[in-house]
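Please find one structure pasted underneath; my questions will follow.
For reference, chains read A, B, C, D, E, F, G and H in written order, and residue numbers begin at 1 within each chain.
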Amino acid sequence: MKLWRKPFDYAEKATTSGQVFIDEERCKGCGYCVEFCPREVLKMSTELSPKGYNLAVVQDESKCLACGFCEVICPEFAIRISTTNEK
Amino acid sequence: MKLWRKPFDYAEKATTSGQVFIDEERCKGCGYCVEFCPREVLKMSTELSPKGYNLAVVQDESKCLACGFCEVICPEFAIRISTTNEK
Amino acid sequence: MGRKEIRVAGFGGQGIVLSGSIVGKAASIFDKGFAALTQSYGPESRGGSCRAEVIVSDVPIDYPYVVSPQVQIILSQDAYAEYGRNAPPETLLIVDSDLVKIDPSQNPKPLSIPASRMAQDLGRPVVANIIMLGFLAVRSDIVSCEALKKAILDSVPAGTEDFNMKAFELGYNYDIEHGSEV
Amino acid sequence: MGRKEIRVAGFGGQGIVLSGSIVGKAASIFDKGFAALTQSYGPESRGGSCRAEVIVSDVPIDYPYVVSPQVQIILSQDAYAEYGRNAPPETLLIVDSDLVKIDPSQNPKPLSIPASRMAQDLGRPVVANIIMLGFLAVRSDIVSCEALKKAILDSVPAGTEDFNMKAFELGYNYDIEHGSEV
Amino acid sequence: MIDAMNVEEPSIEKYLRQDRLPHIWCSGCGIGPVAGCFLRAIDREEIDPDRIAVVSGIGCTGRVAGYVKLDSFHTTHGRAIPFATGLILANPELNVVVFSGDGDLVAIGGNHLIHAARRNIDMTVICVNNFNYGMTGGQVGPTAPLEARTTTTPYGNFEFPFNLPYLVSASGASYVARWTVLHIRQLEKAIAEAMTKPGFSFIEVIAPCPVVYGRMNKEPKGLDSMYYYQEKSVIRNGADPKDADLELNGPIVVGKFVDVQRPTLWDHLREVSSRAQEKAKARAKV
Amino acid sequence: MIDAMNVEEPSIEKYLRQDRLPHIWCSGCGIGPVAGCFLRAIDREEIDPDRIAVVSGIGCTGRVAGYVKLDSFHTTHGRAIPFATGLILANPELNVVVFSGDGDLVAIGGNHLIHAARRNIDMTVICVNNFNYGMTGGQVGPTAPLEARTTTTPYGNFEFPFNLPYLVSASGASYVARWTVLHIRQLEKAIAEAMTKPGFSFIEVIAPCPVVYGRMNKEPKGLDSMYYYQEKSVIRNGADPKDADLELNGPIVVGKFVDVQRPTLWDHLREVSSRAQEKAKARAKV
Amino acid sequence: MTEYQELTGKFFINGDVACAEGAISAGCRFFAGYPITPATEVAERMSTRLPQVGGIYIQMEDELASMNAVLGASWAGVKAMTATSGPGFSLMMENVGLGVMLETPCVLVNIQRAGPSTGLPTLVGQQDMMQARWGSHGSYEIIALAPISPQDIFDLTITAFDLSEKYRIPVLIMSDEVVGHMSEKVVIPHVAPESLLNRRRPEVPPGEYLPYKTDVGLVPPMAVAGEGYRFHVTGLTHDERGYPVMTADAQDRLIRRLVDKIRLNRDDIIKYKETQVEDADIIVCAYGITTRIAQFAVKMARDEGIRAGLLQLITVWPFAEERVRELSLQTKAFVVPEINYGQIVLEVERCAGGKARTILVPHMGGGVHSPETILEAIRETAQ
Amino acid sequence: MTEYQELTGKFFINGDVACAEGAISAGCRFFAGYPITPATEVAERMSTRLPQVGGIYIQMEDELASMNAVLGASWAGVKAMTATSGPGFSLMMENVGLGVMLETPCVLVNIQRAGPSTGLPTLVGQQDMMQARWGSHGSYEIIALAPISPQDIFDLTITAFDLSEKYRIPVLIMSDEVVGHMSEKVVIPHVAPESLLNRRRPEVPPGEYLPYKTDVGLVPPMAVAGEGYRFHVTGLTHDERGYPVMTADAQDRLIRRLVDKIRLNRDDIIKYKETQVEDADIIVCAYGITTRIAQFAVKMARDEGIRAGLLQLITVWPFAEERVRELSLQTKAFVVPEINYGQIVLEVERCAGGKARTILVPHMGGGVHSPETILEAIRETAQ
């Protein structure tokens, strides 16, 4: 039995997990993905891109629920979430 | 006492009487004045005017209440009612 | 036959352009010549001055306006003043006697027919112009009577053919019934 | 002094046109010469390529574009590729070191200052262009330092004067603090 | 419905360019009576005629500007409202009245209509709605009911019409009314109210166009239309304009639908102007 | 408000002209997410992309047409709707979507908007409302709230704005909704509904324009606007659009306001066409 | 929607109606317009006829909308037309430019009345001739034809559609109130669909199609919406892919091609008709209704022994520059009657280049010249 | 509403801003416009400045509305202006015609970008020059000025208002993106109100006033709304009373006067500037920004020993016909650089009348000519 090792957690239970790809060529650092990710998967980097933007980067992919919100809110079509079957 | 000689009549009591002037140069024979006069003061002539219209003419001025409706409805500004003080 | 010119003049609402169109159609479609109809009218939908001019010819027409008309049909006092009163004597002048007061001194005297009254008596004021065309058919050979009739039938709304033919006959026979003035 | 030409190139949002305008104003209003500022930008509000060119002269200017620049301030990699990399050696070339990677083989080596980082460190990214102007003031005599300062004060929003002067000084003193590369 | 009890109509001859009468409108055309109401409203409210400016576009109704002895502008098709906007903004002392047709104000001029209403600009718009383009010979207009016959809808009109009171109130008008030409007394009163009210006022007048629209829709005489109005009109002051749709041969809801107080464009402009002048005292940098 | 429970977003890369990315919109601009919703709605409803035509006017939003890998037309300022009208009438098999900005659709294009709604023509109009003219650098637009600062209202906006849902429903639209960019899931659903519904559909999307409008109105970053939407939005599906006015710093009523069934222009046209052809059998006279 | 109901035979109809019939014979199946005297009858005729032949008639809210709806319809693959007069023509100009830029086949009819502004709505003018060429902003070329009779407008409307399809450009029919409103016999022949020109369609699969890549000649093949090509077009300066490119280089390439596709094909496009010019000392150069008056005047002049001839411009734009240059070497003078205060005469004068005198015979509008006026000008010039 | 807040001194501003300041100095107190690159800054400046000086700035719903609001304001007695670029210019054309017909003083600024259609919104063109003359339907004349620098646009804006008031006509400022967006020093002097021209006002009492009756010259005095004159004006052809008269006669009288009031006053209206033309074998004829490039090229040519000169058209319309005719007798050739595919060159060629060659140096837009291109043309022509 593995149950005892995966304690009941609504968020984790209801979702699959995701991999996050951020296209650096497209990101303009608006911060939407970072701000509205329910799981604080992403953060803004402090580095300046060649066009002078701070880009979004993945901070802790393991938390990702693959909810896709970052993907749909991103104004730059810069994020792609791929779902991994289970955590 | 004159009362018995002027029997109570709403229409006559409430109004003064009028003289009707129709400008033949302006009338185009639409018939509005004739149709909507509450007292059948006016009628359409059967004569054709030089432009081919049947004009409105006064048929019985004595009935006129000077209500002015013919004047305001006339599309041609062709009618002028002048009020005489009493009948 | 060379170039022939007809002018119809009066005010808007009298079917003037339709008359011109019937004449033109008669001449160019049914009589197989050439015809050009031009028209002029003002901003009014009704009652403004209105004029149709038809040129009929056996060769293509260049200048499409009346230079000196063979026939003029006059349907208002204003039109009479403008075109009728001083028309050259060789012009055939036809007026609607209820709409035009002829200057008694004019010579030759224009032909006249009370077409609009006749139409009103018929209960169809709109056919005054067809009555007029019937009258014209007797008086002028610019278009053939046959062609005129065909053109009328081709031009009036479906269902009104009989009526219009009757009006045409009325105009055509007016002289016979009322005695020619010529 | 004849004709002198300055080009500032980078992308939209860097205050490039304002820099040009300050130089032009300094030269023509405070230094009493003539100056013409032209600009070119794309449809983007931000991030598109952007260029300002200032011609300074003691006689009226006819052709208002750069023919061969005395000074070029380069604020993006694209601009470096277009104008910086192959600039003639006599051109004074200044780049923002955080935004432009210089080709190591370029000779003479452009001057560089991390103006945008310095501005960010100040907490006011918008003053990067003013820092740059301070740096320019040390390196070039096209406009006087006095005039430049006046032009800055005349151009920035009320209430931000002190801040901008501080930024100017920062750029002006950069060499002293960081050692000149020339 | 006909209020026949008033006496002593003021003469409107003094407001007419008599040297231009008779006018060009057809026998039975509804435009004349509306023009008459407008002129009587001026008299009734004792509005200084020297301060009135009438602006029309192009159309039969647009000819109104040419018959009134007032400062009057016969502009281009659809552009009466922006022209009037220039007049009133440049001289707020004017009492500006736009008088035009449904095609002019709502087809080609529709954008200006809704924007003027939105701005709540001080003007009165009188729209004579005869459901078609009278001047050009009876083509379908944007108020023509579904299935109406016109010279460009020989198989029946296939477009829904606007409900003008609804459109104009949704845009922001302060005063919105609809009357037919037969409601001649109410119409005069409405125009008087509109002209004395600040902000944007709109009056739709349903009017016969016997010669083109009427002829094709079983109302070949003005009187036929008048009978129709008499029979089918329903006065519903205060009705929600949403419920004032018109249909072919359907009822005509008339009345005053909207009469609200909102700041006008001029109220706002005065405010802006004083702010600007305060700022200007501290001399702006260039 | 944020619905974070869906999984497996379909990729929209196949509908994007990737050779044109990154796009020209500023960091934080709200147009991108709306475009994304549109593309996902196509996928979601399995609409044949070969049959979609996208028409835009001129403006930042107008650039959408250039980024979608669909038949797409970048027309002139204000004229997307009439251009789209020609497309749909000439080929009713198309699914026509007009995608443009508030200035384009409601300022210069306002007349076409209300007339298309009136006709209930089969098209979906997506209006990105950022309260100003982004493309030309932030001038006041007809949806800018009273008192908003823009580059042409340095002393505050002195004109009332349109309430777009109200205007468009008063004109006759069959489907009317308003969402903000933050309501990204609802927006996608709304676009899907609109595109599959016959007749005229209109969706207003409140969107950040941080670089010009935001900068002047205390929302210098897109995120500032997003927080504002988060805080001030009130979802009221079925609300009377009349009550959906927007004010500076006021609440934002969002939701689906209108969803009714009315015959479309094409329904009417088919009818007319069959009448005409019957008549034509009895050969018309010339 | 249904089969084409052909209408053939001889009819006594006016120019407006003939124009509508010409359009239908040319395969036009979409008309969007806005009524205006004296062009309204084109629309009215279309509103009756198009539904009969499975086409669409729509009256738009204004002329701006009409012009755009026509462009949209053309991009859906349907031959489309609008008709207007001066004020509406002015309003359409911005989007004539869009038509040029997107390379959209369509036909725009201007039944000219007298202006400026509202002017004389019911009376003739030829005052929009230069506007036809220069009325939209930007550098471009256009094609404009001027008919002289109802039969001619019928025929030229077909020509207009052919040219518009061939060169992917809005073609203008610059007629006038007299031609529009005059009725004459018009022979409507059977027009075989094969005899009509149609825009070239792409022959490559969607993935390879570039909307503005030319293969042969200067006119690219045209895909239409809904076929799977998934193309993008824009009124911005663009490259072969149809993508905006904001550079002077892209502008140079694009505008040169747009202009040259007309300029370099001028021999195919320009049509004129000459009468007795071979020995003419004086050539009357005319177009539209004025041609017929001029014809009359030239006859009168010949009768008087003056060697007059007539050059009728059928294609007014592009202007018959070469031919006028040639003629200027063999004649003494051009007499140019126009119902305006001097428009096409400027082109004649320019091309005559001082070799032959150029005399304008203006008419301000509201009527045609009397033949005598033109004759008088011929006489004076002959002296 | 309040007193004029005068702004004088030296400023480093761009042409758009200078234009706005020129308008304010000229007494303009009404601006209605619609934003468009590269003219937006004119509007933006006006939106800040007009409320300060008691004027009205309004952003209308489109350019059609803007043009009409300007006309309305002028008829309320206020000097009024609008500013736009190509697409908006096209949209304004119908109502430029109304302005001409009603004889309405006002100023319309076109900061030209490259077209056709949306073209290159942020980049320069000089492609609307013929449209300026011919863009509205009907026969009319117009005045158009072309500035070459911010200072020049300041000055010419004042001139434009003066001319518009004097001749009661919309005056066009045909500037371009480079002039509009370039910044230079502009000296704003104190402009004494007495030095400005104002429309003549009626001197007769209301009963006797006829809006279009001329007393001296061809320009009638102008009443404005609200003064008690109770006048009527119309875009229809009209008589002296302002009443519509639908005849060719009325048309002839009216249009001749409208045209002649400009043509016969051309010596007062037309301004040009000549540099070294006296001995020139080749005269470069230029206007707007191109003048400055041409100036540079002429200098280079002179340095090479080529006798080149420069004719700068300040007034572009009416065209400096007489002067070009005169010069064509003394020079060998005209070289005409334009940022278009040949517009003003057509007028030069026409007026040169074969006496001097005319060479176009076209630039399709999106940039100015390089001085070398013009020099090259001069060189080739010189051979």
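Assume a contact is a pair of C-beta atoms (placed from the backbone, for glycine too) under 8 Å apart; a residue touches a chain by one contact, two chains touch by 3 or more.
Keep in mind the model is a prediction, meaning the values are calculated, not measured.
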item	value
Shared interface partners, meaning chains that touch chain A and chain D	F
Between chain A and chain H, the fewest steps along chains that touch one another	2
Centroid distance [mean C-alpha coordinates] between chain D and chain C, Å	86
Between chain E and chain B, distance of the C-alpha-averaged centres to the nearest whole Å	29
Centroid spacing, where centroids are CA-atom means, of chain C and chain F in whole angstrom	60
Rounded Å distance between chain E and chain H, as computed from the means of their C-alpha atoms	37
Residues within chain G bordering two or more other chains	11-12, 48, 51, 61-62, 64, 87, 94, 97-98, 102, 117-118, 121-123, 234-236, 244, 246
Junction residues of chain B - those touching two or more other chains	28
For chain C, residues that touch 2 or more chains besides their own	13, 42-43, 47
Touching residues on chain A, where the partner in the complex is chain D	28, 48, 50-52
For the chain D and chain A complex, residues of the former touching the latter	11, 13-14, 47, 76-77, 98-99, 116-117, 120
Of chain H, residues touching chain E in the complex	1-2, 5, 7, 11-13, 17, 29-30, 32, 48, 51-52, 54, 56, 58, 60-62, 64-78, 80, 94-95, 97-98, 102, 225-236, 243-244
Contact set on chain C toward chain E in their complex	13, 42-48
Parts of chain G lying in touch with chain E, wherever the complex brings them together	34-37, 40, 43-44, 47-48, 51, 57, 59, 61-63, 87, 117-118
